[in-house]
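Mind having a look at this structure? Questions to follow.
Which chain is which? They are A, B, C, D and E, in the order written, and residues in each are numbered from 1.
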Amino acid sequence: MTALFFLVALVLLISAVGVVASRNAIHSALFLVGNLMSVAVMFAMLNAHFLAVVQVIVYAGAIMVLVLFVLMLLNIKLENQPALGKLVIGLAGLGGLAFLWMMVPLLQRSFAAIPQSAVDVQGSVREVGKLLYTQYVFPFEAASLLIMAAVVGAVMLAKRRYRA
Amino acid sequence: MVPVTYYLTLSALMFTLGIVGVVIRRNAIVVFMCIELMLNAVNLSFVALSRLVGNLDGQIAVFFVMVVAAAEAAVGLAIIISLFRSAKSVETSDANQLNG
Amino acid sequence: MNFDTFPFLSSLVFLPLVGALVLYLLPFFRPDHDEHGTLSRGFALFVSLVVFAISLLMLTHFDAADSGYQFSERADWIPYFGISYFVGLDGISVWLVLLTTFLMPLVVIASASVHKKIRGYLASMLVLETAMIGTLVALDVFLFYVFWELMLAPMYFIIGIWGGKRRIYATLKFVLYTVVGSLLMLVAIFYVVWRFYEQQGHLTFLLDELQMYTNLTRKEELWMFAAFALAFGIKVPLFPFHTWLPDAHVEAPTGGSVVLAGVLLKMGLYGYIRFAYPLFPRAADAFAPYIATLAVIGIVYGALVAWAQSDIKKLVAYSSVSHLGYCVLGFVAFNAVATSGAMYQMLNHGISTGALFLLVGVLYDRKHTRLMADYGGLAAKVPLFAFLFLVFTLSSIALPLTNGFIGEFLILTGSFKTFPVLTVIGTTGVVLGAVYMLTLYMKTMYGELDEGKNGDLTDVNGRELATFLPLLVMVFWMGIYPQPFLSRMEPTLNAYFSAVAERRAALNVYENDVAPSQDIVLEREHQQARPVRESAAQPNLNRAVEG
Amino acid sequence: MEIVILLIKVFVVFNVIMGLASICTWVERKGSALIQDRIGANRAGAFVETDVFLLKPVAFVVRWLGILGVINTLLCDAVKAIFKEDFVPEGTSQFMHCLAPFMAVLPVFVSFAILPLAPDFEVMGYHIRPQLATIDAGVLFLLAMGSIAVYGVALAGWTGNNKFSLLGGLRASAQMISYELAMGLSIVSVIVMYGTLDLFEMVKAQSSVWGIFQSPTAWLSFIILFIVGMAETKRGPFDLPESESELVAGYFTEYSGMKFLVFWLGEFAEIALFSAIIVLLFFGGWNIPFVQLPEGAWWAALIGHLVLMTKIMFFCILQIVIRWTLPRFRYDQLMNLGWKILLPIAMVNLMIVAALKVF
Amino acid sequence: MEQNGVTALGYIPLFPLIGSVLAFIIGRSKRDAAGWIATLASAMAFAVVVALVMAMPEEAEYYYRAFTWFSVGGFTLDFAFRFDHLTAVMCLVVTGIGSLIHLYSVAYMAEDEGRHRFFAYLNLFMFSMLLLVLGANLLVLFVGWEGVGLCSYLLIGFWFKNLSYAGAGRKAFVVNRIGDAGFLFGMFMLYRQFDTLDFAELAQAISVNASPELLPLYFVVALCLFVGATGKSAQIPLFVWLPDAMAGPTPVSALIHAATMVTAGVYMMARLNFLFDLAPQAQAIVAIVAVFTAMVAALTALTQNDIKKVLAYSTVSQLGFMFMAAGAGVYWVAVFHLVTHAFFKACLFLGAGSVIHGCHHEQDMRHMGGLWSKMPITAATYGISTLAIAGIYPLSGYFSKHAILAALEGGHNPALEGLLELLVPMASVTAFLTAFYMTRSFAMTFLGSYRGHAHPHESPLRMTAPLIVLAGLALVGGLWLGGTLPHYLAPVLGSPAEHGHESIIEGLMHSWIGIAGIGVGLLCYTSLSQIPATIYRVIGPLSTLSLNKFYFDELYAAVVVKPLEAIARVLFRVVDQGMIDGAVNGTAAVVDVSGEVARSTQTGQVRHYAFFMFVAALLMLFLFVFAGRV
């Protein structure tokens, strides 16, 4: 199990680096798809099956398709400007390292102590569905409203305004 | 059973990459993708912690994060398209009219 | 209509405001808006005269022997914060109110030279009068501050709209300068009220209560007094803060200058008397020599710079810096003779400088220039004007039998007791005063008349004379027989001195047995940066001491 | 031991897919010829002689098989595809160009994993359940794979580096996305009907009566699913993306050789996939009406499998027949059908099924 | 002293005040009436004074309290008058000579169209002078003191069309004001020490605590008051305004700069004799300054060509003599000389006035000469007065001047011991010079041949009558007053040392200085006219020095006036505009610049904003993580 974990983790990180580092937007999009897939696998390993599938459907299936659509429609040329100066990359990297340097020990300290709970929670569609429609029904409806708004917004924004 | 700290460290790494990506990259869509990356990192830690704690709330949270991410993607990309239509390029550095 | 319950002060304060409003609404009543403003001028004059009449009536009912607040009216304004509408009058403020109501009609008459938007001008004047009387009679610190700030608004418009060429710069500088000072004062007021609340448990803005029960340590007192001193120092143009005055005067219209010099400058010193000294007696003593030095510098500096001026109005402006230097020196000397001299000199300055500005206004209306070089040898052409100008010049350089002399003599005699050396330097101001005023008089009035430029000059007309006659009478009356004025100030001043002395003693008592512990407490608190400041224990301690 | 069973299962499933796909290609070519009253592909003669003595028996077998014509055409196609020049249009990245067909085909193959091919049976002491992966989410996995398929098409269109293939790719993905909705809803109504997500349980639930008769509107779901199936495979009346007169061959105009073969096989695999889904969901999978086979017997499982296969072949042929009979949709009719007809009906159907389920 | 006293005292100053107001108002329409109203008013005042002097019992003094001027915090001050012998003498002089001069100036100013203003100022002057003299406390005296300064300003600058005359008026007023400042210091110190300014109370308080440690206070107060006196009575430091004061009409010079105003200083020292007696060193200083003033003034008068300037310097010199007497501690002699000087100096000035009037405003002596025949009365009276001032025996000048020299030698004042050998000879030399320049002026105007181009004529009776009266007083005054004055002033100034009655011969013997002066003067300016020319050549630079009044004016201008003007300009330009305004505008500029800096962070680049957010988040995290532990 841990071997699988490290493998998937590796894929995940490589694809993440790929997203950030690749010069061509399409490549980074594909890397992101790979990343999302590996996250889905992670979910599956954590018994969150419903989430894994939903992750694939929502992220890989819908969002990335949109991204690819946009990329292809706008036929983004390669990043013609030179990559940002060394200073900015260095600085950002430094910031990232600092963040890690602080965050990782913090996580270690705060969560290592908590014992692994006995209940082996199963993220199956049934359990999640049951919980979703009983306890979290209000947020669920709110989410649907949000999506409605997003759709209307997207249409309004992207609709080509024909000169009257 | 893989200890939870591994997952958290992994998500932290991913999150950092996301942030660095956002700060470094010039192309709006790549920035958008990096944000998706960060969101995924958060989802991962959610699920890991929900397993640690033993109830499904974490997973419900991830569900809603995905909903929001989807909505955000729709609107974000619409913006990028309208941006492209006006600024003829998706480089964030070109869209700096709101300065001064 | 028995007069002991008639609300004198409130009517004095709010009548002009009502007048201003009616003036504002005038065009709605009389659609055929009178083009050259005679209707609005007449109405404004009527309002100001009524207010003056009421103030005279009040004066007759003013009991000279009573040292406390008379005609006081009190009502809760914002009970939650302990702010109340508490107005009262005593020996200190009675004559200043009279001066305001006395000058206002003259200013309105003198407003004939203003032609554009006359209604707005008169309305601002009336609002200004409300603010001025309000400031003088307010005994609630908050109410005082409200009127204090309200004074600025109309003045801003008067200088800003009807002023000379550089009016925007001048009025902005004037307002900003004063506001900065008064904001510091506001902070100080809140601090004092807060300390009062800490010690007494309830909020109040009443000056008397604050003065009686707020126990401050010496360090706090110094800071508070410094804030008050700065705010009032800017208003009375004390030496380093005076640069707004010449600009404001040069650019202000005649009426604006008269009011600004006549009354507004007195507010600063009145502030010292009414608020700064009673609230912080010990700090006042500590600051007294410095303020006195600044005052004397102001006298000599004002006189010298006035001598170097070529613009008449600027010369008179700097002369008022010098005259008010005397008033401050007199007050800071803090003994019966000097302080009553200072208060008397405030009235004189109001009259003589007010008259001088009106005179300059007369010249400006005819020749539209304020430079001395443009005039010369006018005495032959306009003898009556020359005579009036002579009388007011003499009053300004404090010639005996004119009002200036009494004030100046009292100030110098009184302050010689406390600051001998400073008074000696101050007296040179008397000589320098004679130098620049007579130079002004000589350059404008004597010498050859240049027919070309000033040939067509017309002498003072009836309207203008109407503004000068009352001032003339006051100059000689206050010069020859000042007793009625002084006798009304006397009891209040004595009570005032004893109150401040007694307060100083009480604070010293509070200082040496309670305060030290409190200071240590303060120091300790600062070190540990403990968020919650325990102050519960203090109040009962103080009450023990007080009781 | 499980690994071995697993491997066997994988082998079996792979063969099923490839078998179905290749047969379909042949059926397509012969069927369309039959419909259009012409002789189908018969040229791919198997007339092979060889003077090498050793190879003679092989040649004989090939000639005999050739008679059947089926294998022969398939072999010839395969051989043709392999030897054709593998052309990559310049201007696009070579990697992307190769990646596209696989991204298109991968989901289809992966989807077969969850399809149960026969009732479970006992053999040599092992209880074998002929379903490659029993995922808890079950049918949802199908939906997931459906949405992944869009990538392949989109990428293919884009790497073609010309306006026509790009437009073709976009139209194809747009079509697939819009019909996914209807598919999702109809599958959800099925899930509501059976109460489970796992296909195996679904087929079990149909042992008594086929799915289509279980609830009054089941036939409606069947029809929607069938239409969506046609649309997803971009064939039949819905083959707008690749064969529009002006789009030349749609998104895979630039593909030739092996990559074209992958696309083509993928397409037929998809036909097989959708017929399988329809059969499993609505036509009782391996259940023969009114006949109750004994549980667990290996021969019963074999019969069940064969029954399943015949049903799937029937629907494949049905689809192919529909393709060569109905005229092509106009793009707006296509979208109109997808969004304004199928979607509302699917929603109503879902509501009715849910209502029935509750009361 | 009875409380409200004699209201008549109030009338004395009241008449000139009413006269001044009436003259101004009525004069605006009827110019001539103004003159007569003014003269009438001063005459009536004179009449009241004479009546009071007659009615006053020997030792008594009148006191009249008009009203309490102001009472503030324990310091009450009444507007009150005192009338004792000293005041009586001064009032007689002021009102007497004043009325004569009014009469004279009615004629003198006959054709000047601003004469109503002139007479109003003249009466106002009389009012102030009477206030000064009658004042019962230092403050009322000070009121009169400044009032007189004001009137001299107005009268000197009467012909204001000429800017230099106006300048002279201003100069007079400013110099007086400087003196008054000194006077004020004196008053403050007295008030601070004794809380009162009333003469009676002061005298009583000072006599009570004449303790040694107060002596330095008395010295300083005496000096300050003397500074005031120098301002008013034109002594060394502050005498520069008197010569320029000649810019005013001649009657003004006669009244103000000869008889009344300039003597105020002497009167003040006489009035405060109890104070000055306690400060011998101060008196010594007074004497020294007086002698030097006399000497310098006499030397300057030698070379003046303007007849009024000569008389002006002679006044300064004679005042020097009066202060010598006061400095020596013998006040009645000072008053005696004051009175006699009033007589002959007024007569001299009026004579000069009638000469100028006759020669149609010609003031330069070089254009006169030989007027003896044309203006006999003026010449005669002028001659008598010249003899009087020179100190010839029977005339008043001799008695007072002789008394001064005697007093100086007498040496009542201990502090003067050492200096006497220097002072007495200087005094006598000055007396000789006085006689010399007076005869020079007499000779140049009246003797020899007429050098001017106008045709002089005798002045009308109204001008010559006062001349005759004054000349008569000059003649007989000395004898009469010499005897009666010391006893009359005894109650106020203390009884004088008795001195024998001289015979005529002794008188002539003692006045040898005067005779010698006149002789030499006549010799030089009648027959041997070339002698003065040669003398001038010999002492060349000295003469130019004296001609330009020892450059005092230029000195003051350079030392005081110019630097002050420069400082004023610098203060205004550099300090006011530059520093303070600079600071104010500076803060505004600072705000502006900081605004600009803040604006530069808004680059419009989304990346930058993202980065800022990231850094901020890092900081927050850092705080969160490490705050707990630090």
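Things worth noting here:
The working rule: a contact is a pair of C-beta atoms (placed from the backbone, for glycine too) under 8 Å apart; a residue touches a chain by one contact, two chains touch by 3 or more.
Since the structure is predicted, the reported quantities are computational estimates derived from the model, not experimental observations.
Listed here as common contacts of chain B and chain C: E. Where touching is counted per the definition, the chains common to chain A and chain B are E.
In terms of the distance between Cα centroids, chain A is separated most widely from E.
Centrality by C-alpha centroid: the chain sitting nearest the overall protein C-alpha mean is C.
Relative to chain D, the most remote chain by averaged C-alpha coordinates is E.
Ranking B-E and C-E by contacting C-beta pairs places C-E first.
Here the CA centre of chain B is 99 Å from the CA centre of chain E. For this pair, chain C with chain E, the centres built from the Cα atoms lie 39 Å apart. Chain A and chain E, compared by their mean Cα positions, are separated by 105 Å. Computed from the mean C-alpha positions, the centre of chain D lies at a distance of 133 Å from the centre of chain E.
Within chain B, residues 19, 23, 26, 93 each touch two or more of the remaining chains. Taken residue by residue, chain D touches two or more other chains at no position, since every residue touches fewer. With touch defined as above, residues shared between interfaces to two or more other chains in chain E number as follows: 607, 611, 614. By the definition of touch given earlier, these chain pairs are in contact: A-B, A-D, A-E, B-E, C-E. By the touch rule above, chain A contacts chain E in their complex via residues 88, 91-92, 95, 98-99, 102-103, 106.
Against chain E, in their complex, chain B makes its touches with residues 19, 22-23, 26, 31, 92-93, 95-100.
If you check the complex, the residues on chain E that touch chain C are 67-75, 139, 142-143, 146-147, 150, 153, 157, 160-161, 163, 166-167, 170, 173-174, 177-178, 180-181, 184-185, 187-189, 191-192, 564-565, 567-569, 571-572, 575-576, 580-581, 584. Within the complex formed with chain E, the residues of chain C that make contact are 173, 177, 240, 242-244, 246, 301, 304-305, 307-309, 335-337, 340-341, 377, 379-380, 394, 399-401, 405-406, 409-410, 412-413, 416-417, 420, 423-424, 427-428, 430-431, 434-435, 438-439, 442, 445-449, 481-483, 486-487, 490, 493-494.
If you check the complex, the residues on chain E that touch chain A are 607, 611, 614-615, 618, 621-622, 625.
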